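Everything below concerns the one structure shown next.
Chains: A, B, C and D, in written order; residue numbering restarts at 1 for each.
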Amino acid sequence: MDIKVGKKAIAEATEKLKNWGRWGKDDHVGTLNQVTPQDIVKAASLIRTGKVFALGIPLDASGPQNGLFGGRFNPIHQMLATGTDAIAGRQDWNRIRYADDTLMLCVQGATHWDALGHIFYEESMYNGHDARNVDCNGLGKLGIEHSRSKMVGRGVLLDIARFKNLDCLPDGYGIANAELDACARAQNVAVGRGDFVIVRTGQLEKCLKDGWGTFAGGDAPGVKFENCYWCQEKEIAAICSDTWGVEVRPNETTEANQPWHWVVIPAMGLTMGEMFYLKDLAEDCAADGIYEFFFCGPPLVITGGTGSPINPQAIK
Amino acid sequence: MDIKVGKKAIAEATEKLKNWGRWGKDDHVGTLNQVTPQDIVKAASLIRTGKVFALGIPLDASGPQNGLFGGRFNPIHQMLATGTDAIAGRQDWNRIRYADDTLMLCVQGATHWDALGHIFYEESMYNGHDARNVDCNGLGKLGIEHSRSKMVGRGVLLDIARFKNLDCLPDGYGIANAELDACARAQNVAVGRGDFVIVRTGQLEKCLKDGWGTFAGGDAPGVKFENCYWCQEKEIAAICSDTWGVEVRPNETTEANQPWHWVVIPAMGLTMGEMFYLKDLAEDCAADGIYEFFFCGPPLVITGGTGSPINPQAIK
Amino acid sequence: MDIKVGKKAIAEATEKLKNWGRWGKDDHVGTLNQVTPQDIVKAASLIRTGKVFALGIPLDASGPQNGLFGGRFNPIHQMLATGTDAIAGRQDWNRIRYADDTLMLCVQGATHWDALGHIFYEESMYNGHDARNVDCNGLGKLGIEHSRSKMVGRGVLLDIARFKNLDCLPDGYGIANAELDACARAQNVAVGRGDFVIVRTGQLEKCLKDGWGTFAGGDAPGVKFENCYWCQEKEIAAICSDTWGVEVRPNETTEANQPWHWVVIPAMGLTMGEMFYLKDLAEDCAADGIYEFFFCGPPLVITGGTGSPINPQAIK
Amino acid sequence: MDIKVGKKAIAEATEKLKNWGRWGKDDHVGTLNQVTPQDIVKAASLIRTGKVFALGIPLDASGPQNGLFGGRFNPIHQMLATGTDAIAGRQDWNRIRYADDTLMLCVQGATHWDALGHIFYEESMYNGHDARNVDCNGLGKLGIEHSRSKMVGRGVLLDIARFKNLDCLPDGYGIANAELDACARAQNVAVGRGDFVIVRTGQLEKCLKDGWGTFAGGDAPGVKFENCYWCQEKEIAAICSDTWGVEVRPNETTEANQPWHWVVIPAMGLTMGEMFYLKDLAEDCAADGIYEFFFCGPPLVITGGTGSPINPQAIK
């Protein structure tokens, strides 16, 4: 495709790809509707060796946030009870010795799903809901809680970095639809309806080695704007990547920040997953040549959440 | 069994059931080692209809905490960006309209796993680690991060409430080992090595209907102390329930608070899950008579966490 | 005065009492401008015995919040380092033994100032600022930081409860302007320009004894709506009380929640202080018959804060 | 003085300067006992012009923390209600339009007091309390709440930077007792019993201009170890500075981190204030040649707090 990315292209794609009403006017999960129970049964047959890959990065102070975007900070983990308290005899009145703790985090600060209410187009959310439904009380519509049992199905890894013989795609590298298709062909895997598609650029692994730098909000490889058409055509359930925001940065336009987001979430209702840890899974897929697997990535049931921190599981 | 529960019985069970070193001196996951890759492949064959049951309760201010235990509070969900901000034009400088949020919660405040470092016996944790490894910096040993890819396998529901024709077992009702076995037989399901066993009392469903009351830390139905022997003998991977603390309350002794915990976590290294939402799953099992399923309950990768909030998935 | 309280009366009072522009179009502190340096020098002369009264209530989990209003919760105090850690040797690498901690609180959850950006009238804040300046990033205008050096001057206690020979005024009791004046006369004190006026109802002391109940957001004694005229006429700097919201509840109308607030903050720019602890101060004033004192109640410099938790000092 | 700083010197100073029991065995405020009511009355006479100087730095994300010390982070300010919500009509059900917010902060993360339970010597706190009294529930002894009405008296600024004709003393510059005395003489002010002594190095002002860098926990000018003898001899109430930790860094020894702290808090019970903003006050003192003033720096009443964020007021 040859798209001049900008507000006009966004408006055009919004018009063409809009899934509002497609799954009913009360629908809250969008493209996750593409997964049928039969797909899940079929995906179960991909569990052949019993290997489990955890795709979540650690939640701690070393995490990716750097102050570049929107007041986000790294997870703050604090104790309510400790072993040192126990040993000092401070818990003995309670006749139990234990540890307990709290976690404060940005919902989208590490490996996470975006809920469909995360991005607006003009005054609207997916399915035509008014963006005013999202206030200080949270997402009155389209919160992540609606997806509590919907993140199960067939997973497909498209290892673009390995396909191009690179450890990591360079910042600013835009992945074209044709390249996704070529990679799939080379990997001998077909992307289809209801799939959880995971795109590997190598960026997160590089950062785990070299430091986060501007990972969260800075430049990155990622899919081109045209990818919104590809996702719609393939009828996938969700798209995920090992980057901060799935799409290429700097963006292909300066008229909009994250132009692909402007379309895929509010118009299409496409679920996306970000900052997936893919090293071990990708190495295994390269070793056995099998790039499909059972995928299970349940969100926390955060009422009115814009997303959820997750630790998705790829099972082969 | 006929056990006089108290510190002596705890010491005796600790001695008899201690799994320290059983899976190596560096082991951090205890009985989760009971699950083999082959078990996971076999469990996948239980996915026959593609039904997915989400077992996590909502994380919000309405949650179960009531101040009864250890300074725990209900989840605090706050916005970093809203649709009302977007519509007021407050985000336009950033060329994107979006919502974003934070979550502060007690790790063990709703549906969750306990990590093996959650409970101490005298000065020790599971596998002989010194409890002093748990300080204000978190769990230096046995944190939940070690289980990131270990919560997958065969799930078995033991619906004791339904077995006894009750909506909810009464507070203080202790479930004997023999009753677990009888229930399994009646349900035509066998509990075995590597299983994720889920015990339903009906209490959480009652509270969702009638209000939480003293659910968090008050009286409850649950397994008897003798259950530690049952879990060891069955070689299960984990035990879960729809109550605050799995075991019966008031406890069978006043010498220890949660005497079963004193044994199963530090001596055995048994993983436990608490406050599971079981209504839909239990109704489905009752309807089709099938009480086994594929289980996938990934924890968040909380470095040094005493556990993790979760939304486990039962897939049939 | 005989006012039929409602939206019409609010509009009328807003029109009559509006101080917009009175202290310049860039003014951020409103009636605090009433205090002159000479007033502060004069107030210093009220320090005659060196007695200091702390007017802040404790910040801890026992605090007044009860979930009745706007998602507010009680302070959460958590440790980052403890003596038990120190004694367990967990800090020795750092060659210092110490304790450290964090505090999470609702800015207006205990004894506090309201900033002038706390309340809007229609689409506006005090001095004509657009309410859209208050978004998820905080108060772009009229934040509490502007008052960092303005909370010093002469304090006057009007002990209405004692004046009426009551421990505590009953809920729903509206204090009329005439009663404030009569109390002042009885106490032999005159209220004037630049004063920090503190009204005692006895309610907070009652709650400290009997439990908070619905203190935060429920019924209460307090000033009548007509008080806005009194404050303007007296040219006071600020008004404070030992209740949750200064004004009487149930309010004198159902057309508006806190009708007095609708006027005094956005129209007048009047600073108010709430939940002041007055027992010790009031007893001392009753004993020596002196109801004026040096007042110093510095807010924290919370950038863009709607107010600040405080521990104001009355010095005699 | 000529002290070889190290553990031996600490032990010796601890022995010589120990104030345990000096103000009773139940004393919780140490040297703050040096202030008498008469001192406060006398200090009031220093209020001659009505000028008020706020000594607190802003509490926001731009603050001094940098991850160098103990998991401390900058203040997190979040909204519970906004003007944009109000204007979008999201509050109209409540018949009031308002803003509300929360603050999460490290108690010692910006301008603050240290409570006497902040530092331990071996297993003890000031006045002989066992350090085990400080556990995950906070300071069971010596919390900041005990000082709620004790931070009032005569303030004295010792502007060492200006005395030496420097904008900022260099990192590692140790201020000797003799230099404090010389500065006081040059400023024509005497330091005495019950004073709140504030030492200006210029470092905080430099950081406000040039960026925080390693201000929090890195190198700094500050008082020498011998200063503990000076504080005891002068019988001051408290010592404060515009640096992170009052004393010189790198410290004069590698045997202890913050050796002066080891003595002044647990042995002497000396209150200290850190990160004071002194620019405006210092300029005024230089202009009128008056380095004494009324000081009022009330802490928040944080039950069991290791200190309190503050905005102290110097009034001339």
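Descriptive notes on the structure:
One rule holds in what follows: a residue touches a chain if its C-beta (ideal position, glycine included) is under 8 Å from a C-beta of that chain, and two chains touch if they have at least 3 such contacts.
Computed from a prediction, not measured in an experiment: that's the story for all the values here.
Two chain pairs, B-C and C-D, are compared here, and C-D has more C-beta pairs in contact (counted per touch definition above).
For the touching copies chain B and chain D, the fraction of interface residue numbers used by both exceeds half; the interface is of the same-residue type. The mean-CA centres of chain C and chain D are about 26 angstrom from one another, to the nearest whole unit. Chain B and chain C have Cα centroids lying 46 Å from one another. Among the residues of chain A, those touching two or more other chains are numbered 71, 78-85, 87-88, 90, 102, 104, 132, 135-137. Considering their complex, residues 61, 67, 71, 73, 76, 79-82, 85, 88-90, 104, 132, 135-137 of chain B touch chain C. Those residues of chain B whose C-beta lies close enough to touch chain A in the complex are 36-41, 44-45, 47-54, 56-60, 70-72, 75, 77-84, 86-87, 94-108, 111, 117-123, 125, 130-136, 138-139, 145, 148-150, 152, 254-258, 261-262, 294, 296-307, 309-313, 315.
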